[in-house]
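In the two complexes below, subunit A is the common chain; its partner is subunit B in one and subunit C in the other.
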Partner chain A sequence: MKNKKMFFMIPYLLWIILFVILPILLILWYSFTDSSNTFTLKNYVEFFRNGTFLKMMLNSFWYAFLITFLTLIISYPAAYFLTKMKNQQLWLLLIILPTWINLLLKAYAFIGILGNDGLVNKFLRLFGIGPVNILFTDFAFIFVATYIEIPFMILPIFNAIKEINPAVIQASEDLGASKWQTFRYVLWPLSRPGVESGVQAIFIPSLSLFMLTRLIGGNRVITLGTAIEEYFMTTMNWNMGATIGVVLIVLMVIVMLITSRKARRKKVDL
Partner chain B sequence: MDIIKLKHITKKYDDGFVALKDINLTIESGKFYSLLGPSGSGKSTILRIIAGFTQPSSGQVFFDGQDITNLDASKRHINTVFQNYALFPHLDVFQNVAFGLKIKKKPMNEIKPAVKEALHMVRLDGYANREISELSGGQQQRVAIARAIVNEPKVLLLDESLSALDKRLRKDMQFELRAIQKKLGITFIFVTHDQEEALSMSDEIFVLNDGQIQQSGNPVAIYDEPVNDFVARFIGDSNILSGRMIHDYEVEFANNKFKCADGGMKPNEKVEVVIRPEDLDIVKPEDGKIVVTAQTQLFLGDHFEIKAIDANENEWLIHSTNGVKLGQRVGLFFDPEDIHVMRLNESQRDFDARLEKYEADENEK
Partner chain C sequence: MKKVIAAITAILIACAGLWGLAHHLEKSATGGNKQSLIIYNWGDYLDPQLIKKFEKQTGYHVVYETFDSNEAMYTKIKQGGTAYDVTIPSEYMVTKMRKAHLLDRLDQRQIPNMKYIGKSFLHKSFDQNNDYSVPYFWGTLGIVYNDKFIKKGSIKTWNDLWRKKYRHQILLVDSARDAMGMALVSLGYSMNTSSSIKLHLAQTKLNSLGPNIKAIISDEMKMYLVQNEAAIGVTWSGEAHEMMEQNPHLHYVVPKQGSNLWFDNFVIPKTVQNKKAALKFINFMLEPKNAAQNAEYVGYATPNIAAQKLLPKKVSDNRQFYPAQSTLKNLQVFKDLGPKKMQEYNDLFLEFKMYAR
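Let's turn to the complex of A and B:
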């Protein structure tokens, strides 16, 4: 019995070892060595002493925060009203549909829409405005990133709100809570697990976005993701690239821990 | 003093279903009321209209003399104990009970003693720091009651609040609810489909069917004088036979004439006669007013339930402390007061008017 179980574990173990544990070990190895394969801490010293890396880190955080925040602000009400709608399945399908399209294709579509000869500028020209430079701006980058991430926020929040017993909302009103108080003290805490998984699904990948920064942000937006690509592909300094990678992994773990933290309950004495 | 008045309340849903048809009722303060009826009778809809969760299609709701038909649920001095408790799963017992007070921005040094008192009232002392998921159904029920009464509402609504509990616990909670209501002196409106529950707890019962109030009154009156065969069948077991009123105080059914205590009907009017199974005494065939043959018999612990058939093929249900032999001919004896005569299609208003009239006639004599 036990052997049988082990047998079925083999593909999974192989996967984990080959594609998760080994790569992480490799990255760690590169980050602690120099180009002549000798052990050194100089990559880390460089990372934390050189202001550009810290600035890139802050930049990544800032953009990831903006993208996550905007997505949340748009997705929460959308998910809430979705739970009140008829034909929920159809609406959900319409929200999921864009995620089936390749990210690269969507990025190119946006280049077409936002470019100087794009749809938006053609429209603006009707009113005699423009052409306005939209593509390759911070705004375009955040706008497109938010657009792409919205479905991944709506789905977990929708599921979390759907699971809340509607009688609990009525109980809150029955006890005198206004709509806002009901949201703050009942709806929000009960839907938080959905918000947390949505934030995790968006904030963490957004830290290392690099394709969008290039195609839509026009390389004006530099994040840790862009930096890693730069070091591995352009300057071929794998050791520094790996160091940034390790820092990124540590940041992701910290974000994970913060967002899935359980609130401690205060005990009362009666 | 009247605390709640419903005037001409109707509720029609978008799909055309009429849940309530012209409901008028008055709730006095400090009493225990039950809304009793089968599912779909509209009893929960009445409760939700009083609580403010549902808007009536027409009619008015008055609370303490003020029209609250359009007032938000959150602004009504009414609290509800929900069917499946609807406790806040993310809060512990203390926070659940304190919720209403915190919303009202009461200071902590007022909240704590109030919560302690409410938990004591429902016998949950020492449970303040428990999680809701750690509690049994009965305990959750008590938390739900504490959460409502801590706000000192003038009216407490209970929506099928005991139906999820097992039988023993339900009996205990019936006693406790009644005791809590007496102690607090506030009005309870209890919705239930369980006639035993309604009879044992209430000062007043409204029996509902098809979105209409069939009968209202105290439990004894409703049990003893059902106005129509729906009430007679729904409240307790009963033998219902069609008969004919010969004149006041004499009725004919099962091919026999009997003295009875009812009057005020037209001579020879067709009526229905109700006799409760526990009012039938089993006697020797020659002493009985009716002779029947026992067909089946069930032992129910505290009594036997006997089904018997008379010479006219009428089926009789008898509750008796002693069993009979199956196939045995026995006599059934009952007093004139045990016969309850109902006119066909008589509303409660007509019923009350008739009762008043023939009782007045009686006094003149």
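Let's turn to the complex of A and C:
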């Protein structure tokens, strides 16, 4: 029986080794070598001494934070009211529906909407406001990124809130807690696992949103993803590119650790 | 369970069948047939009528495959999976492929039609004696503007782009070498400058263009300029030609101070199987009548002087794509500066993208 189990593990193990472990090892290898394949720490020294990379790292962090924050602010109330709705399945479907459309297609649609002759500017023109430069701005980038990420935040929060026993909320109200107190001390802590998985699902990919910085941000928004592309594709300096990749992986691990540590503490709180 | 197994088996059989079919098709297309010629070219960069004509004249069977970037082509040639006989890299890629020993020497006696190529297009730094390459088309880096927003003729030099009134109007090509080169020329330096001080000066100059720049993009620029989304674009003549066909308000200027002169060139890669046919094909394409027909189809500028004479006056006198001699002599071909300098160019450009707002 045990042998049989092992047998069915093989495809999964192969997958993990070939597509997860080996690539990470390769990136690490490249980041610790130079073009003549000798061991060096030069790439890392360069990364942390060069102000441009640090600024880029901060940029990536800042944009990812803004996107996650805005998504959370929009998604939490949405998810909450969704649990109170009648046709929940239909509403959920409507929220998930946009994720079925290819990301590139959505980006191109936004180019049409935000452009000089786009819907937004046509609307503004009705009020006599001349064409406003929207495309290729920080605002456009964050707006589109937030739009794309919202379903991934709503779903886990919705599930978390739905799992809360309504009796708990009622009890809190019966015992004289105000609406705010009920939210702060009952609803929020109980729904936090959902918020945390939502934040992880959005913050981490947002750190290296590359296609959007180019299409919607017009390369006026530069994150670490842009630098990685340059080092791998244009100058073919894979070693430095891999170094940036490693830094990005480490950043992501840190974010994971921070969010899951909170989750553990929460259990103690209860 | 039985149903599932049956379904999986059916899918597997279908996959195997399709794979076999694909394999068969590929084999019949690229097999080591001595009578076929495999051309590896940019998409839509050769008049298909000419391929038919060549097949009829010589009896060779032509297989035409396409790529979309020099780098993609380089990788495929290096792997050597398919026996490409002729390919068409840009000039810097010719140098790179030569250094990587991926090119075969051309026997110039077999290409007598070389004599039709203008002298100013031969013996360039990327291939001193044209031992490895024959120019196919050439072009420039320049400024496209829309006369709906900008008075006709008001942009003539690179420095005009720095005018305050063009705030948020310019689309800049996303290429370190071209953008930095533009700044270098505007300061009066060479596009092949390797002095770090001059490069930093160029970056400073580029930074001061920041407020005027709307976006730094490459492929999408065509769409934006055609749709009147931006007034000015800095891009290559080939791209400009395509835009102008779709929007008559667009105009293309090559600044007199100088600019980049680029070449796409016939080469025979190391993967060659049918060298005789390859040489015959290159010679066939240099035939003035054929070169002229091809230039009309593709729309780029041909280095073939005899063919230029056969082109309609409207085309060959178009100073936008066949610049006057006075401009032509100021154009510079990119030299291969080596990976270290290229990294410096790209790092400076990346910094500019980061900080210039």
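As a working rule, the second predicted complex is superposed on the first by the 261 of 270 C-alpha atoms of A that agree within 3 Å, B and C clash if a C-alpha of one lies under 4 Å from a C-alpha of the other, contacts with A are read in each partner's own complex, and residues count from 1 in each chain.
Please note the rule applied: contacts are C-beta pairs under 8 Å (C-beta built on N, C-alpha and C of every residue); 3 or more make two chains touch, one makes a residue touch a chain.
Predicted model only: the values in this text are computed from it and were never measured.
Applying the stated clash criterion after superposition on subunit A shows that subunit B and subunit C can sit side by side. With both structures placed on the common chain, the touch criterion links A:Leu257 to neither subunit B nor subunit C.
When the two complexes are overlaid on their common chain A, residue A:Leu105 makes contact with neither subunit B nor subunit C.
Of the two partner chains, subunit B is the only one that A:Pro189 touches; subunit C does not reach it. When the two structures are aligned on the shared chain, A:Glu173 is found in touch with subunit B, with no touch to subunit C. In the superposition on chain A, no contact is made by A:Ile10 with either subunit B or subunit C. Closest approach of subunit B to subunit C, taken over C-alpha atoms in the A-based superposition, is 41 Å.
Once both structures are placed on chain A, no subunit A residue is touched by subunit B and, in the other complex, by subunit C.
Within the complex, the subunit C residues that touch subunit A are 71, 168, 174, 176, 213-217, 220, 227-229, 339, 342-343, 346-347, 350-351, 353-354, 357. Subunit B makes touch with subunit A in their complex at residues 51-53, 72-75, 78-80, 82-84, 86-90, 92, 94, 99-100, 102-104, 112, 115-116, 119, 128-129, 147-148, 151. Within the complex formed with subunit C, the residues of subunit A that make contact are 35, 52, 55-56, 59, 115-117, 133, 135-136, 214-215, 218-220, 222, 226-227, 230, 233-237. Residues 165, 167-168, 170-178, 181, 185-186, 189-190, 265, 267-268, 270 of subunit A touch subunit B in their complex.
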